[in-house]
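Each structure below is given as structure tokens.
Two complexes follow with chain A in common, the first pairing it with chain B and the second with chain C.
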Partner chain A sequence: MTADVVTCATEHDSRGGPGQGPDEEFAWRSGTLLGRAIRTAARARCVARSRRAVAGLILLVLLFVLAFVGPLVSPWGWDDTDFAAFRQGPSVHHWMGTTQSGRDVFALTLRGMQKSLLIGLFVAVVSTGLAAAVGTAAGFAGGWLDRTLMWGVDLLLVLPSFLVIAVLAPQTAGTWPTLVPLLAAFLWMITARVVRAMTISLREREYVLAARFLGVRAPRVIVRHILPQLASLLVVDASVNVSVAILAESGLSALGLGVRPPDVSLGSLIADGQSGATAYPWPFGFAAGLLVLIVLAVNLLGDGLRDVLDPASGPRWTGGET
Partner chain B sequence: MAAFLLRRLVNYTALVVLAASLAYLLAAAALKPRANFEDRAPRPPEAVVEAQLTRLNLNDRTPLADRYRTWAGGVLHGDFGRTWQGEPVTAELWRRLGVSLRLLLAGAVLGSAFGILLGAYAAIARGRAADRLITVGSSLLLAVPVFVLAVLLQIVAGKANDATGLRVFEWVGESTPGASDGPFGPLGGLGDRFRHLLLPTVTIALAQFALYSRYQRSMMLDVLQADFVRTARAKGLRRRAALLRHGLRTALIPMTTYFAYTFGLLLLGGVFTEKAFGRHGVGEWLVDSISRGDVNVVAAVNCLAACGVLLAGLVSDVLYGVLDPRVRTGAAV
Partner chain C sequence: MTVLEVTGLRVTYAPDVRAVRGVDFALGPGEVLGVVGESGSGKTALALAVMGLLPPDAQVAGSVRLRDEELLGRSDADLSRIRGKDLTMVFQDPLSALTPVYPVGDQIAETIQIHAGATRAAARARAVELLDLVGIPAAARRARAYPHEFSGGMRQRVMIAMAIANDPVAIVADEPTTALDMTIQAQVLEVLRVAKEATGAAIVLITHDLGVVAGFADRVMVMYAGRAVETGPVEEMYRRPRMPYTIGLMQSLPRIDGAVWTPAGGDPWRGGRMAPIESASPTASAAGSTGCSFRPRCPVAVLGCADGEPEPAVVGPSGHTAACVNTAATADPSDGLRPEEVVQDTALAVPLPEDPCNVEKPADPVPVRSYRNERPVVLYVDDLVRHHQLYRGRFFRRRAGTVHAVDGVGFDVRVGETLALVGESGCGKTTALMEILRLARPQRGRVAVLGQDTAELRSAGRKALRRDVQVVFQDPFTSLDPRMRVADILAEPLVTHGVPAFQIGGRVRELLELVGLEPGHAGRYPQGLSGGQRQRVGIARALALEPQLLLLDEPVAALDVSVQAGVMDLLEELRARIGLAYLFVSHDLAVVRRIAHRVAVMYLGRIVEIGAVDEVYDAPAHPYTRALLDAVPLPDPFLERRRLRTPLQGELPDPAAPPAGCRFRPRCPRYAGLTGDEGRLCDERDPEPQPIMTAMDRHVACHHPLAHPGADQ
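After this line comes the complex of A and B, so read on.
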């Protein structure tokens, strides 16, 4: 295998195949482990060529390291109180200063970051997966399944998600893992509708019709022929969902409805710090800045992924569009 | 088309009724208005609290089904009940709706229009400086939550006020008391209201812009390479006409679905904006009422929100039908 046999963004086409002998050709096409490994490697090489994706990934990894290694290095725990230092700026003892009540801003902010990162990751996987499954199933099957699923989508959309989450979150003891299903349950419906609409038009394409008339079963047609066409939408959607989930959690906490004291999240730190933000910017500034950085890194990664993984927007590495 | 829309309308009405009922049941089951009376000092006698709660239809010792029946009967006559302090909810709801609409409409229209236009333009100018600027700008904005954006704008506006020595920017509340008594009379009052509206509107417009430009760029990129755009060019259409009439129109089809339901996000953004700028709109009322356990207010606001979202859904269906004729026949299959 050489690096050049795969044309990025078109690897699902015949053009992307290696064509270096029947064996390899077969491995490329087949659903065997080898074929899958070859395709994954090809895709990874494509991603590595997108500077934005790489930048976002590196930034994200650095933020993860900061969030999870930082507390091990910090001399202060997030629940420690330094009675000798109230409302101080960054110093050797307190790297990001202290809050009004003498808690270490560095430790507090990192604890908030850990929550944000994990919530974003889990919620995006659950909600985008759900959107893809429901949307393609409804669009491809049509009939009563379509009507039932879309009716469920409409119902969830009219259900006041904000109210449900705001009322239920305090009753689940306010620990962050219980926020994941709550947030994910209300993030997938819009995308499911878009996926359904696109599936309906893809369903009538010749290659899909050909597969169906050849007797390929519906789930396989969806996975092999419909989902690759939706990959760009789903990748962008997942990256948006990561940021939406992170923003939703911090927003809820900022309103006092999410993570509750004494535990902290970036949102509650921002809310506590914003009243004195002009005179004493440290708690607000660091929490808000890191929150923005996390979401930025996720968006960079998503944008970069879209540019390389999208099978529909044509050859990118052979000169681009004219 | 008329039959299709009528069917959707019936379907949507059923959903509104269901959603409003579920919201009431959830609020009535989970929120505890009784605590408001018990926290009072001196604590009122049990019998008084009981009678008051029953009169307001907030008594958690009345069976939920009975409370729901009383509430639904009132709503059918356009009466959303009373707050826990005994004020009628309906009148206050309409007043606050006006406050919220002034803010949200301007922000949403500005944000979505600029978002769609600049997003499409960025896709056409892919890789050029304009594209970079728009993409970086919207990525940055998308990463900044509304409650941070509001504080940042306030800090910047405060600096601008200090630098110019004028109070150009105002952001607390809806108006300055006595603004209409100035040299310009009522016109001055109107100007003052506009001034107060400026920063919150910009906050909402920026948030909407980030969302729309990002999606529109993505959709437009999918369309640009399509055969029908090339065909349109080949048959002699100018680049601008081909892109606008064939490209943008097609790229807008998936956007209509988002168009309707970013409305929900818009309402949510309104909550944070109203909180941050001290505007007494519907969103602020909802958050305060949840923490106060004010069941009837929460139910009324959610009724309103459900109607709004479904109205937006209906508009989305119409737009979809106008832009993509296949959907009309597809729905009948």
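After this line comes the complex of A and C, so read on.
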């Protein structure tokens, strides 16, 4: 078995000629567990071939490591106060300086980043998953289910979401996990509509019809034949949602509605640091810089995954003329 | 005198796709050159090169001379003064070739204004004249209509009107009738003939259809892998082709008259036959290796074929040339060549398998009929109806009309037989197929598969029945999931119906073998397969569960002629071997003649005639069947030019408002010749299918069926 059992979508084989040994060998295992494991490993290798995805992934992992391992290394806790140092620049003692109340910026920023990272990823997964589920169900089933779901989508779309969250957020305990469903609940509707529209056109594709006429049940048709076609859209949507969620959380926190003091998030740090940013840029600069890095990493990963998943981005053999 | 002369034309697309590799031809005024080739043979690149419409990254070499003026190497602005005036083009898809936002009259007038400098009013008046010339009724009014208000055939007429607006010297027509129905194709070809006579222009007619060329062209050029492999006058080419590829094309072509093509002087193959292209199409880049590019498929290939690309050599009168080393093998022995001169090296020849079609189809229809009644019915359809409601309005949906897509269709299919549903697009044949496939209660009527009424099926029963009813779709490029490997595509039906995992691998291998694919294809994605291979995968998927009834929706319509033949042979063989029954939907009457036992002709949601294929084709009883058969061109210049035909006028009426009485009445050539009393019957009563005397299982829905050999006695 050679290493190259699965050809990446980005480099679809037009190399042709029957009897490609490894492929053949692979094919017979495709139904088995071993086959699946091989395929998953091979997919991972495909991702590895996309430089952007790799760069994004490495950056994201580094940011996670920084956020969760960093506080262990730092001599200061996020709620410690150093009465000997107010508004100081980076030094050996305080790696990113201190705030005007003497708190360590490094520890605070990492504390904020932990929450921002988790909120971003969870919100993205929940909202994109919801969009995919609702959109494909509505588009595939049509009829009353479609009308009901889309009515719900339209209803949520016309609600002023930021206002609703602003009203609801203080009612909840004010801990960050409650922000996840709140933010996710208002991020999925437009994607769901796009997914529904795409599903409706995919539903009429002959290979989808073929699967239905084979007797394959609707959920399986959706998972096997429709979702893979939407994968690139969903991946891009999820990566955008990570950024949107982090920014929304930052916005809410900046207004004092998200994470509440003395706890911090990247948003509240940016808001606090904003006023003195020109004279004293440390708290603002590091928080904002890390936020940019997170968004960049997620978008790189998303773009890379899209390239891997989308067969249209690779050369295709078509029999047609011109 | 030569008006259009092409010499040594080469087109190379970046990076190294040599689409056209040296083509020469010369056309006199009023002469028609038919360029024939399969997809990927470079015929469209040739057309675009002549027109100077190739993309900028394409490299063109050689010479294109129009009335002794060189066209290659001119600037686009310079060419624009010639294009549309002296040199015009008719495109394949008239919808995308017309600007959707301007009325067609203005678009025709525009070319006249630009090139002839006519005033706006004069140009418009001329546009109306031209529309009238190409047979658009009420031309003055229709000139103000937009392209979307025209049907495909009418749009193509508009394109032709535009092409002849400035009395061109030469017209390039790229597959002008490919997108059209048979009856419309016949009409458009007639218009093209009128256009040629009106302007005296030379025409380059590019097509994959040997039938179209036979009736229209003076000379024929066969292209293969970017080269003109054989050129000659049309009669000579069809009677005495010398390039093995041309002979193979002629042989693989299904014919409406059921005849098998034989060259003058008998069969030159001696048991050999062109292998269908099953690897990816031999585009010129792949053919870069030394030797004749046709060599891998050639049944008469000899050692000399590997020694470089053969140059065209004169093989017959009137400039008949063929680029083949071994033309001796294809020579007509009666031409004086002694058999000893023929190189006897047919080691590469593929032996022709015994045609199961002939085995299964007895020449005498009588035993079939008695036999037929004894065989069990696989599919029974009675009075099937599928109407689509049209609605208008966003908030208050009002019913705006009903499209009678399928309106009372009944037939049965028995074990081991093939019933073909034929008709023009929009006649409801595919809708009928999909209704059967749903296996649900129809809007009206009854569908029974293997004796089970679909209206009474429960969900589990329906799923179980799906094992026995499978479908093969038209387009092999959209019917396979592009993200699944062939092995997974074939495994899907097995997994769905609970075949144990350890059996799947073996079954997939079996299926691939059954449809003539290699085990190695299992690991590929559909994109890595050619059209014919994909269709074989589609067929294998349908066969995975060993069904008893296969519904085929135009399974060969998207394939090249040589590939078509292979797939049809496969279907025939499978039917005979496994005892399948086929319901075969097609618009191609020649394909139907070749593959079906019985045929049902549909018109506007109804079956107008049903019966055994040979009987219906030889003696059509319904005027529509007759008109359809007349519209199909025969790939035989001698017969084609002497056929008596009554081309069908007009187009398919709006299925939302079918005519009262007999639906075919407005287009019926027979209706026009009826007396008042006879005609009143057609006006008032919708004819029911009635058995006609000659055969038990033959029905015709016509008040005045055509004279029938059996009925006369």
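Points worth noting:
Going forward, the second predicted complex is superposed on the first by the 284 of 322 C-alpha atoms of A that agree within 3 Å, B and C clash if a C-alpha of one lies under 4 Å from a C-alpha of the other, contacts with A are read in each partner's own complex, and residues count from 1 in each chain.
As a working rule, contacts are C-beta pairs under 8 Å (C-beta built on N, C-alpha and C of every residue); 3 or more make two chains touch, one makes a residue touch a chain.
These figures come from a predicted structure and were not determined experimentally.
After overlaying the two complexes on the shared chain, residue contacts for A:L62 are found with neither chain B nor chain C.
After overlaying the two complexes on the shared chain, residue contacts for A:D303 are found with chain B alone; chain C is out of touch.
In the superposition on chain A, contact is made by A:F213 with chain C only, not with chain B.
Of the two partner chains placed by the overlay, only chain C lies in contact with A:R224; chain B stays clear of it. When the two structures are aligned on the shared chain, A:L145 is found in touch with neither chain B nor chain C. More residues of chain A are touched by B (comparison of chain B with chain C). When the shared chain is aligned, no partner comes close enough to touch A:V73: not chain B, not chain C. Within chain A, the residues touching chain B in one complex and chain C in the other are 320-321.
Against chain A, in their complex, chain B makes its touches with residues 11-12, 15-16, 18-19, 22-23, 26-27, 30-31, 126-127, 135, 139-140, 142-148, 151, 155, 158, 214-215, 218, 221-222, 224-225, 253-254, 257-258, 261, 264, 268, 271-272, 275, 286-287, 290-291, 298, 302, 305-306, 309-310, 313, 326-327, 330, 333. On chain C, the positions that touch chain A within their shared complex are 39-40, 43-45, 279-281, 437, 462-463, 466-467, 469-471, 473-475, 477-488, 491-493, 495-497, 501, 504-505, 508-509, 517-525, 527-531, 538, 541, 545. Listed in rising order, the residues of chain A touching chain B in the complex are 142, 151, 154-155, 157-164, 166-168, 171, 189-190, 193-194, 197-198, 200-201, 232-233, 236, 240, 243, 247, 250-251, 254-257, 267, 270-271, 274, 277-278, 284, 288, 291-293, 295-296, 299-300, 303, 306, 310, 312-314, 320-321. Residues 7, 9, 12-32, 205-207, 209-211, 213-216, 220, 224-225, 228-229, 311, 316-322 of chain A touch chain C in their complex.
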